[in-house]
């Protein structure tokens, strides 16, 4: 497929505005790792792409974990003695410690305070905090709100339920010529947080939309899941499918103004790692490649030693390194249309590499073929050759069955698109033949050894 | 052999003057990829070294190419209305587009202009242009000559012939103890261009002369050939011989004042690559090692995937990076005796490494042997040891059958000559034994796999 | 064992004063490679640790060497015509060329001068010189002493004996659970030189003392030997034992104020090389890792090709690079208590790595185990995790049987102690199991191939 070429013919500002518009629709919903918030979110994604929604019952064992009770919230507030709501869930859903147990009580400020979370260094911002596995209740508020509270009694109310129910996630599967899969995973469990949640959700949705209309080499598997427990639940129920994942990306925090950061898979030299490094090197923007570390997003689970899947993580600013992270300042202004569109383009470029990366055989391996008689060379000797001819020479020289187009792009320093275009032209001219499918499966032996690991464990 | 030691006893200024003198004899000849120019050139080389000259008929198939018609030129000019030669081949043979088809006609300037090549950025210089495979005629002239032309009619004449004939090349073969070969290749097809042609031709000729009087471990194969089509023709006719090439060098552009550049073979870690990097690191001059790329001189053919020979390319300034390249400014002043002599010395030093690089076995591998009782150590303890003793310790420590002298030189940071001298002394003292020939064949497995490639293709 | 943790609870200034005090006791003795000086030194070490002392007779063949005659000295001086001792061995034992043959004669200054050694660039200092294998006599004196000598006759007397006797060395063997050994070697053959002799001797003695009270995984083998000939003699008589050496360190010059230098073993990637690099990287002080070279201390012998043992060398300032080296200025002021104590701590830290470096198996390799329910995680989500939790995630992620704790420390950038503590906690929590002993023998194949080398040589 010529996915990137097609993508680049589209209006990128329009794409960006569309992405941001979808984020704005999703923003007000109070999501959590279970409950109606994520259910509604998945429904809105389903309006755009074919999405299969799964409901996994509370109590289901998933490896070392158990699917928790389902949490739903209707209202929450703190009222002062005069009945004024000094903290109101309806103003901002971050105000409630996510997964709070229900509470309705009146108590003095000093007793209330152990349940309050603020950010003294950013007195206007509300922090985002959770307590999924320890039964707790609490409120998050701006430090200014806290300091305004008089030493008095307060009525606190969290009208929430924590009951047997389901963990909900969504999958979009786009079959390709091969059953080998590309995984695109993003978490969809954060309430009103734009970059750390909705940037990944909206870009992944748009990527699935774009890929829907393509002839695909690989099958694509998009996951919209609650973080950690969602990835664990999916992996526990889909171990056979996981073995088919040949390349994977976690998308998170790709709407802000920071430069790109790609965190490599645990393997460190997987094709996705090399493809992403190549795309970012040539994308024109500042970018940085990070080594794998076991803390982060859901690559934590995909790259656990029993799976060791070739899954990396694309971010712009890295979680925890920017002040807006996990606060009310990670809002719709913090993500911008142009940034979302550019992130989608990087994803499209990586897909383009994965789809078109293969090995060719030079059918005239002894000496150079005479490009001139095929009008593939300049005719007046003595002057320099251009980049297009140079790309052809690189492809011919390294198409010895051992080098993929990505290998050739890396060694030549040229962009994958230039190398890929040269290979296509040479193939059309009868100078190259494509190696049979499978011969280019750089990661196949890893996949096999995973099978063994899973079988014996 | 102690080739380098002998070389260093010679008068290098005399060597340089002799090299430049030979270049001056060859300079006026109008060479091309076929014809009497290269034939005369080979004859003058044959006056100095034993040269076997081959003539390959027009029309011979050589891999994807065909040996072209033979081109010869007698005269060429552009005359103005008054009969003045405004451009005259007899002034400078670059004036004719090399391989021009014959023409004799009168035409207005604007019609003539499409056949004229100039260098506006160097208005005094004449460019060098060719059209070997597209039937064309043309003139190269200085931009000043062009701007002086009035808008008038001109008589153009190229008295050339392009007829069935031969492609001519020369080989000098110096047999050694082993049939394994060292290839030294240079192109001899450019007209009056000094650095990009004659520097390689003269240094290669002198190297063959010097090696002629030596006891040689390897056999040496010198090629004086037309660029591209000559290398392809030779390889097509000598596939068995090519399999015996264990090390190879293309020599080109080694007379100018620039620092040395060595472009590695496609393999990147061949012994010639390491030997040349070592020699240049220790040669005292600035130098740079370049990665392989498929565009360049005839290493393009030797390093095509079907051959993948361990052949690199030694240059001073790199083609295309200096303004004199492929212009009339690449003349006899652009190459200097001292620079030619130093280039010959670098070649001699590399040959010295290849000839003497072998593995030894330390006959006292447990602890150090007592060098003092053999007068190979300093007698008063407590002071530092010198470089000579240090070289002996390195050779003893690493002569475990796994390390060649070049390995030891690289790891110790000492020069190959220091390490090689230490090994000789230790061998004479009975502390080392040389490993049997063949045991040091670092590249043997590659050669074998080449055989397979050629057999199956 | 928790060796480092215990060590760090001790008073380091007290340790340093104790080390320096022992050095002060040993300092006045006139040691040499044989004789009563080293014998007395070993006796004083034996007062502190269990030491087996061996006496090897003169004339014993040890590989390419022969144990020399035993040298003992009673007195030496140069007297002027008036009977004044202008150079007196009793002032400083460096005054005599070590291993001088006996002499008693009167001679003019110009005849005497060929037997005198001085340091003109440090006119107050006395150099240390030896002549073990060439029968010579001589005096070392300050350059000021030399220039004060009048052109007159002098009586020279060296009351020494060089007779059949013994070469003496000491071994302290501390058995552990495994018969695999850690070698700690230091030379004890220099007369009044503090850094280049006594720093290694005192730190090694203290390390043996400390290890004596521990439960040890490895067996420890401490050698106090004359340099070069002592190591050769020990290796010649202990070839089977040498095969059990899994890690080794030569200690020398570790009392001065310079930053640490660790010279890697000939292998370059042995576990001791990686452990020492890791410890020095995290020790807080400046340090440098040096590549192996065949000149130096007794690693020269341990790393000779027939043994190729994984033995490196720990120094502070490198021999030969500081002016006090091998002079009377390498005295008790040149080594300081704090520096000796810190050197001992580095040794303890390396031992701690070697003792605790093993591989674990993550018993829940699929996805992360739920650390929270085991109180191994923070309970409020949304905030950053600390270094302790991060260490747990690293250990879990890489405990796939392929990675040792040192591998994990290196890849995570965290200290070995942090990683090791996390592993212990996780093991106690039932999340990890230790791999059976032997499975972590990174160097085992090398050891095997050494056996072969020794058998066939």
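Order of writing sets the labels: A, B and C. Residues in every chain begin at 1.
Here is the rule we go by: a contact is a pair of C-beta atoms (placed from the backbone, for glycine too) under 8 Å apart; a residue touches a chain by one contact, two chains touch by 3 or more.
Fair warning: this is a prediction, and the values are worked out from it, not measured in the lab.
S.K.: Make each chain a node and each touching pair an edge, then name the shape: line, ring, star, complete, other.
M.R.: If you draw each chain as a dot and join those that touch, every dot ends up joined to every other.
S.K.: Do the two copies chain A and chain B share over half of their interface residue numbers, or under half; same or different?
M.R.: Comparing the two copies, chain A and chain B contact each other through largely different residue numbers, since under half are shared.
S.K.: What whole-number Å value describes the gap between the mean CA coordinates of chain A and chain B?
M.R.: 53
S.K.: Where in chain A do residues touch two or more of the other chains?
M.R.: Within chain A, no residue contacts more than one other chain.
S.K.: Mind listing the chain C positions that touch chain A in their complex?
M.R.: Contacts found on chain C: 362, 364-370, 372-373, 379-385, 390, 393-394, 396-400, 411-412.
S.K.: Show me the residue ranges of chain B that touch chain A in the complex, using the header's touch definition.
M.R.: The touching residues are 62-65, 97-98, 117, 127-134, 136, 228, 231-232, 235-236, 239, 266, 291, 293-295, 300-301, 303-308, 320, 326, 453-454, 457.
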